[in-house]
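Just below sit the structures, each encoded as structure tokens.
Presented sequentially are two complexes of chain A, the first with chain B as partner and the second with chain C.
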Partner chain A sequence: MSIPLEYFIVVSTALFVIASYGIITRKNMLVIFMCAEVLVAAAAINFVAFSAFKTGNPIGQSFVVFGWILSVSDTIIALALFMYILKEEGNIDLTKLRKLKW
Partner chain B sequence: MVVEVAYLAIVPFILSFLVLSIFAKRLNRFAPFISIFLAAVSLAILAVSFLEFNQTIEVKFSWLTFANINFTIGFLMDKLSMMFALLVSIISFFVLVYSYSYMDKKDALSRFHAEMSLFAGSMLGIVLSSNFITLLIFWEIVGLSSYLLIGFWHYKKEAARAAKKAFVIIILGDVFMFAGIAFLATQFPSLDFNYLNSNATSSPFLTIAMSLILVGAIAKSAQFPLHVWLGDAMEGPTPVSTLLHSATMVKAGIFLVARLLPLYSLAHLLDPIALIGVATAFIGATIAFSEIDIKRVLAFSTVSQLGFMMLALGASKIGASMLYSFTQTFSKAAIFMIAGIIMHSLKEQRDLRKIRIRPKSMIFYIALLGMLVMSGLPPFGDFFGKDTIVGSAMGYNTLFFVTILFTSFISTLYISRWIFLPLGNSIKLKPEGKKKHKIPLTMLVPTILLLVGAVSSGFFTPYLFHYFGEAEEFNMLSIVLSTSSVVAAILISYAVFYKKMIKPIVFVRSPLGIFHKIFVNKYWIDAAYDKFALGMFNFVFKALDYIDVFVIDRIVNLFNPVSEIFADTFKKMQSGVTQTYVVGILLGLLLLFAMLNADKIMLLLGV
Partner chain C sequence: MLDLIAFSVVSALSLLSVFLMISAKRLMHSAIYLALFFIFSSGILAILGAAFLAIIQILIFAGGIVVLIVMVVMLSEHSDEKEIIKEFRSFKVVASIALFAIVMLSFNFTNQPQPMKTFSISQLSDVVVNEYSMAVIASTIMLFSALVGSIYFLRGDKE
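Our next item is the complex of A and B:
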């Protein structure tokens, strides 16, 4: 193994932080959704890394495949929702969608 | 050996219930065929196992185990249960066939047959169960299906009311019964009937528990003073009255007392049981005598006959009681079917004064035979049943004997009035009634077969007594007395209600009219219940309402300002900006992480 475990953790932490920053600051829901997917990818890296380094069996890695399937399916739902919001509200700017409040 | 799995006869009925209630809409047209077929399967299982039956078999399945009590689902195939189970399945099968043409095609047939099957299955469950837990489960299902079936035509106001009345009274009894069973459960390690019957000892606890259970049996078997629901239960369709409220369900209480007879004798409750039986027999017969509704006459006659059986149990003559419930099942089911045929041809007309039976028509002959069977003339089944009970009362208590003899006289009066009154009616039938009405074959055949059963069931008398291991006792004096009273009653009834030699109204106007007033008002028992129970409930409800408004609401109001302050403070968090929530989640995550690694962070900060 040429790349040690720590590197993977650093990369995934960096991805996690970047994605969180994106989710908090961006306005466009599409971008925010992409950030959320990056968040999932960060977690997936952790899964793969720990599975490969610590356990020696492929369970953690195969779990990531399930994660992908789930992300793909919720992408479909999310995009459909965005289309619907766009049609109803005229934009998908998250800061302008503020109807759900006290 | 089929007899070892005789309890599986419940399964076809439950299957029919499930299938018909799940696919109710789709199977509506085929519902009768499905339920009749499955009833036939069940009947076949029970018939074969009855023939194979030679010794008591008990089957147990463990269900729940608590500290010291095992709840088991158990089935007991013994003489008593096999006889009852066979009767139930025979009558169920015939009634289902009968209801094929009785029920209107537009009715919810699926629902009807599903509920009938549920009833038949759980009734088999009652008679086959071997312990109180199993019994209680089926007992409650029977009460439920009785409620559903009485209220089958729920859009009729009286039917809905009658269903409610029956349910409330039966459940009232069940509550008592449940308390009694709980009482027994604290005293004995097992609730098996066999165990209790052989291991119980006489004690005040036993008396209390058994009298509580007796209340449940009384409510189910429509005994005085809880008989008031059975008359109203006639609002249900006639097949329901035939199956539930004359032949099978109302026997459940009799069955339970018969099953627990050793316990009742240990609990010194046989005399009260006999007293209840006599009172019920007399009250039921006199009310039936003054009813003018074709089905209510029969309903109160059922009440009266159940009183006869209860009396025989009280005199611990189990053979006599079982013989009468055997013969009465056939005769009563048959005569209810006859009533159904008459009503069916007259568009559900139930007033005896508005019904006319044409002499020398087919239904006339059938009804006449049914009347003779019911009245207890010598060669027919009910003669044996009724007279063994009258005879056993003779040795038991002279007062009871006289009362029961008089009751059997009145019984013949009301049942012959039941046919002579419509026969003597000179009312003109409406044009549609004049047209010759053909009795559907599916109604006629079960009626005639049951009538044949009723006529011939007396020949099983020696067999039945042998079956229950008792010597048959026929008391010549009581037979002569009761048979002559039967003949006298038929003659009187013929003279008064058919020939109208003396107008019945003369009796009503004479000083004897006071009795008529009492009978017509059903001894004011219903009215008393209405007044007393409603008054009591109104009082309780008013008290509860007062507590709700002035105590509970006030306490709640005390906390009002506190929660208002909280709400005002924290509602601002719901800003509507989604991303602030994300920040909140992330901060929370960080906090959690920090808390989990508090020691390392401390180390890092050098504290």
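Our next item is the complex of A and C:
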């Protein structure tokens, strides 16, 4: 293989930065949640790249497996919470949900 | 050389799909671009030699999670205007570029082709199931409690 490790780091960092820009700019909770999924995928690329280039064992890939389990349970809770907020409030706009803000 | 071309195409397409995802006006388009991003990033994982993770990325994320997100999008209200927090927008752009620059400057790039090691599924499963068996048990408990918590959120009022 003739791809250096740095290219993967550049790509995953660019994905991370674009997704975090989406998190701090968008108002809709669903888009923010999708950006969080992209953050997890960027971290997975980083883990797999370091596991393939630097270490001689697949521990990095197993960390990605456990991180995905975390991400999936995060998805279950978050989507159920969105459905609950939709049922109670009628929208999932972050700037209109001010019940906890005094 | 061929793998470098494949890597460039796949990574450029995944960056483009993430950019289109955060700049799309409608929520459904964002969900479609998220599915495209998962497919292209599984290509990056496949180039890295992690075939199992690439397959799981397509099966679970592009197949399952995007469908769940599309269901919630269909239940929410439709608005054609793009919802963006307009305060401090230039500051946010500058902060994102600065974050990218800081991470890039903290590495010393040698740009040398290094030997890459690929692992088979049996090696990966050996590490996951034998070395981290307690983590597997803990993650099953966590998945079960997440399911119970989601049922708690969405249960009907049965007084």
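The definition used in the following text is that the second predicted complex is superposed on the first by the 101 of 102 C-alpha atoms of A that agree within 3 Å, B and C clash if a C-alpha of one lies under 4 Å from a C-alpha of the other, contacts with A are read in each partner's own complex, and residues count from 1 in each chain.
We take it that a residue touches a chain if its C-beta (ideal position, glycine included) is under 8 Å from a C-beta of that chain, and two chains touch if they have at least 3 such contacts.
This is a predicted model, so every value here is computed, not measured.
Annotation: superposed three-chain arrangement on chain A; chain B versus chain C shows no clash, the two fitting side by side. By the touch criterion defined above, A:34 reaches chain C but does not reach chain B. In the superposition on chain A, contact of A:43 is made with neither chain B nor chain C.
Residue contacts after overlaying the shared chain place A:95 against chain B and chain C alike. The partner of chain A that touches more of its residues, comparing chain B with chain C, is C. Once the two complexes are overlaid on the shared chain, A:83 sits against chain C while remaining clear of chain B.
By the touch criterion defined above, A:64 reaches chain C but does not reach chain B. Of all Cα pairs linking chain B with chain C in the superposition, the shortest spans 6 Å. On chain A, the surface touched by chain B in one complex and the surface touched by chain C in the other have residues 20, 24-25, 95 in common. Of all the residues in chain A, the ones that touch chain B in their complex are 20, 23-25, 94-95, 97-102. Residues 1-11, 13-15, 17-22, 24-28, 30-31, 33-35, 37-38, 41, 44-45, 48-49, 51-53, 56-59, 61-62, 64-66, 68-70, 72-77, 79-84, 86, 90-93, 95 of chain A are the ones touching chain C in the complex.
The touching residues of chain B, when paired with chain A in their complex, are 571-572, 574-579, 582-583, 586.
Note for the complex: chain C touches chain A at residues 1, 3-4, 7, 11, 14-15, 18-19, 21-22, 27, 30-31, 34, 37-38, 41, 44-45, 47-50, 52-53, 56-57, 60-61, 65, 68-69, 72-73, 75-77, 83-85, 89, 92-93, 96-97, 99-100, 103-104, 107, 109-119, 123-124, 127-128, 131-132, 135, 139, 142-143, 146-147, 149-151, 153-154.
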